[in-house]
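The two complexes that follow have chain A in common; it is paired with chain B in the first and with chain C in the second.
Moving on, here comes the complex of A and B:
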């Protein structure tokens, strides 16, 4: 599993595009919002939690189809399916790689983008922690969507249709956590809900992903 | 005699063709009686006026929108565990019907909401979770349409249905957390504490029965169509295979 993780990380880092692209997209999105809604600081700081979370979600979505597609095309996924490592483990590692290359950088970059959107200082902590806790769920759900659409020629559009409704609970709790943090309310409850969703996804979704992969490889 | 006999397509086709006319007639009768009774022979509500009568479309369609997904869930489980093709095809057949029911519930709700709440749409928990349910239906149908191999498609959509059910339920309660709503609580329940008044209740029950039977009839028709389509493609494949073998045999003669 460690070897697979290192291989996937190396591929993601060296192939270019995949790694920085999500971050750049996030940056552009956040920069575009003030042009759309106007530069008033008060308005921006009110919508900042939602914008940052939706932005992170869309940035995650951007790189989903790369999770399995390349391995499926060059046949390495067949080899992985034949290897002693269970397919559930492969699914988990793939999601972990996706999180390390998109979710984690997004969580680290988010405070700086929060400054652009005039996010209150107190909320920065909640922003980082909610993104750090919530984005693993996004990666796991995304890996499931990617496994469903792996054999399709034009999976990109379909994957967003399948995955975005599944993102709703994560988005609700994530954005609510930051909003409460920004208003100075207690924000631990949504954060705990978010952690619960992530834990449930880690426990259950690799099985669904592996089932979808098996159906596609058969 | 067990339920699993109907996993045999031939048996299913025979029984469903016998049952279908009765279901259709009964559903038409129930809908006719329920809607006519509801629309013309019930008094206006003292606060809502005659707009209350949209309840005879709104409540049954909302009920069926959820139950259709539940039926798809059961069918998907049966397909994954016992691999009966009829089950997978029934799930496929139910999806567009369920989606239409969701759409009817949303549309009638909007039409009802305009005079009552002063707005067609509010981000109320119930309304929002119905919109999310609609998106789930869309994704499910799109996945069925996108995959060519029927068995792979059945597998993948079944897994999506299972995962989607969990997340739909999660969203249903997450939106409660997110916003408090305008929509009233449940107005129909088996313990009759908080039910609507009897004048409205009985025609409503009849039109709910009509919607259930209507759904059943549509699903039966659509499942029969799917089975026939599957047979046609099997026949095509067989003829293709025969043609190929005769062609390849020719040069060797």
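Moving on, here comes the complex of A and C:
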């Protein structure tokens, strides 16, 4: 499993990998929003939590269809399914790789990008922790969607339709956590809800993903 | 435990295409699957590999003993030949990949990226993976596609050595591999002729 993680990370960092795509998208979005909204610091700092979380969510969505599609096309998913690795483990590792190459860089870059949106100082801690705690759920749900649509060419649209409703709770609690942090309110409760969603996804979704993969590999 | 199956039916999607199929490949034996295009060779091999569930009948072996090689090579083109083989070695817990490299003369290609290899060279890397798995039963789907005559001989040697070590092989191929003791299994007589179990699969809908 460690070998699979290392191979997938190496592939993501090489040319043609998805690393950087999500980060670049997030960066572009956050840089452009102030131009679109206008130079009103107060308005910007009010919408910043929502914009940052929506941006992170869409950036995650961008690279979802690559999670299994490339392995499916070159036949290595068949070989992985025949290998001693449990398919549930493969699903978990794939989601982890996706998070390490999208969610984690987003969480690390977010404080710097928060400055563009005039995010209050106090909220930065909550922004980073909510992204770090919430984005694993996005990757796990995304891997499930990707496994469902694996046989389809250009399944990106269908993945978005399947996955976006499942992303809504994470978005609500994530943005609420940052907003409360920005207003100086207690933000622990939404953060705990986020952690709960992520923990539930880690527990349940690798099995659902593996079942979807098995059904699609027939 | 033997590499055998009894009264097997295989379905592709909802459509049953093989039924009452029987095969038994003893230790040290190879069986060549024959049959026209579309007769169900790939479906049978995917059932044997555990990718497709069989519709009925029994398989007498564990899927954990089967090494499967498909039409596609399953190689990562951005990685080197060595990188690909070492990945599978770690997955299968193999310590030594030198025999696999030597069997298919890959020594000169180890540091090349797979995207710069020819189709035949890719196939050789893909077949070398079989030796790394260390599994006793091989289920191979058209393993010699795009191999030149010399590489086919290397492949036949590798299969023969596998058989000499007590392994078994079920190989779908249209060419003569030069394996003297190989049995031929023509799957055409096992084509499913009766009605389909699923009432919605009327001829009118096919």
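Keep this in mind: the second predicted complex is superposed on the first by the 216 of 218 C-alpha atoms of A that agree within 3 Å, B and C clash if a C-alpha of one lies under 4 Å from a C-alpha of the other, contacts with A are read in each partner's own complex, and residues count from 1 in each chain.
Simple rule for what comes next: a contact is a pair of C-beta atoms (placed from the backbone, for glycine too) under 8 Å apart; a residue touches a chain by one contact, two chains touch by 3 or more.
These numbers come from a predicted model, not from an experiment.
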Practice task
With the two complexes superposed on chain A, say which partner A:74 touches: chain B (first), chain C (second), both, or neither.
Solution key: second
Practice task
Using the superposition on chain A described above, determine whether A:36 touches chain B (first), chain C (second), both, or neither.
Solution key: neither
Problem - First (chain B), second (chain C), both or neither touched by A:193 - result: first
Exercise for the section: Report for A:152: first if it touches chain B alone, second if chain C alone, otherwise both or neither. Expected result: first
Practice task
Quick one: classify A:84 as touching chain B (first), chain C (second), both or neither.
Solution key: second
Exercise for the section: With the two complexes superposed on chain A, say which partner A:7 touches: chain B (first), chain C (second), both, or neither. Expected result: second
Fill in the blank from the handout: Both chain B and chain C touch chain A at residues 218
Handout entry: Touching residues (chain side chain C, partner chain A) in the complex
Key = 13, 46, 49-53, 63-64, 66-68, 70-79, 83, 87-88, 90-93, 129
Completion exercise
Touching chain B in the complex, chain A uses residues 144, 148-149, 151-152, 155, 158, 161-162, 164-166, 168-169, 172-173, 176, 190, 193, 197, 204-205, 208, 211-212, 215-216, 218
Completion exercise
Per the touch rule, the chain A residues reaching chain C in their complex are 2-4, 7, 10-11, 14-17, 74-76, 78-85, 217-218
Problem - Residue numbers on chain B that touch chain A, as the complex places them - result: 132, 135-136, 138-139, 142-143, 146-147, 152, 155-156, 159-160, 162-164, 166-168, 170-171, 174-175, 177-178
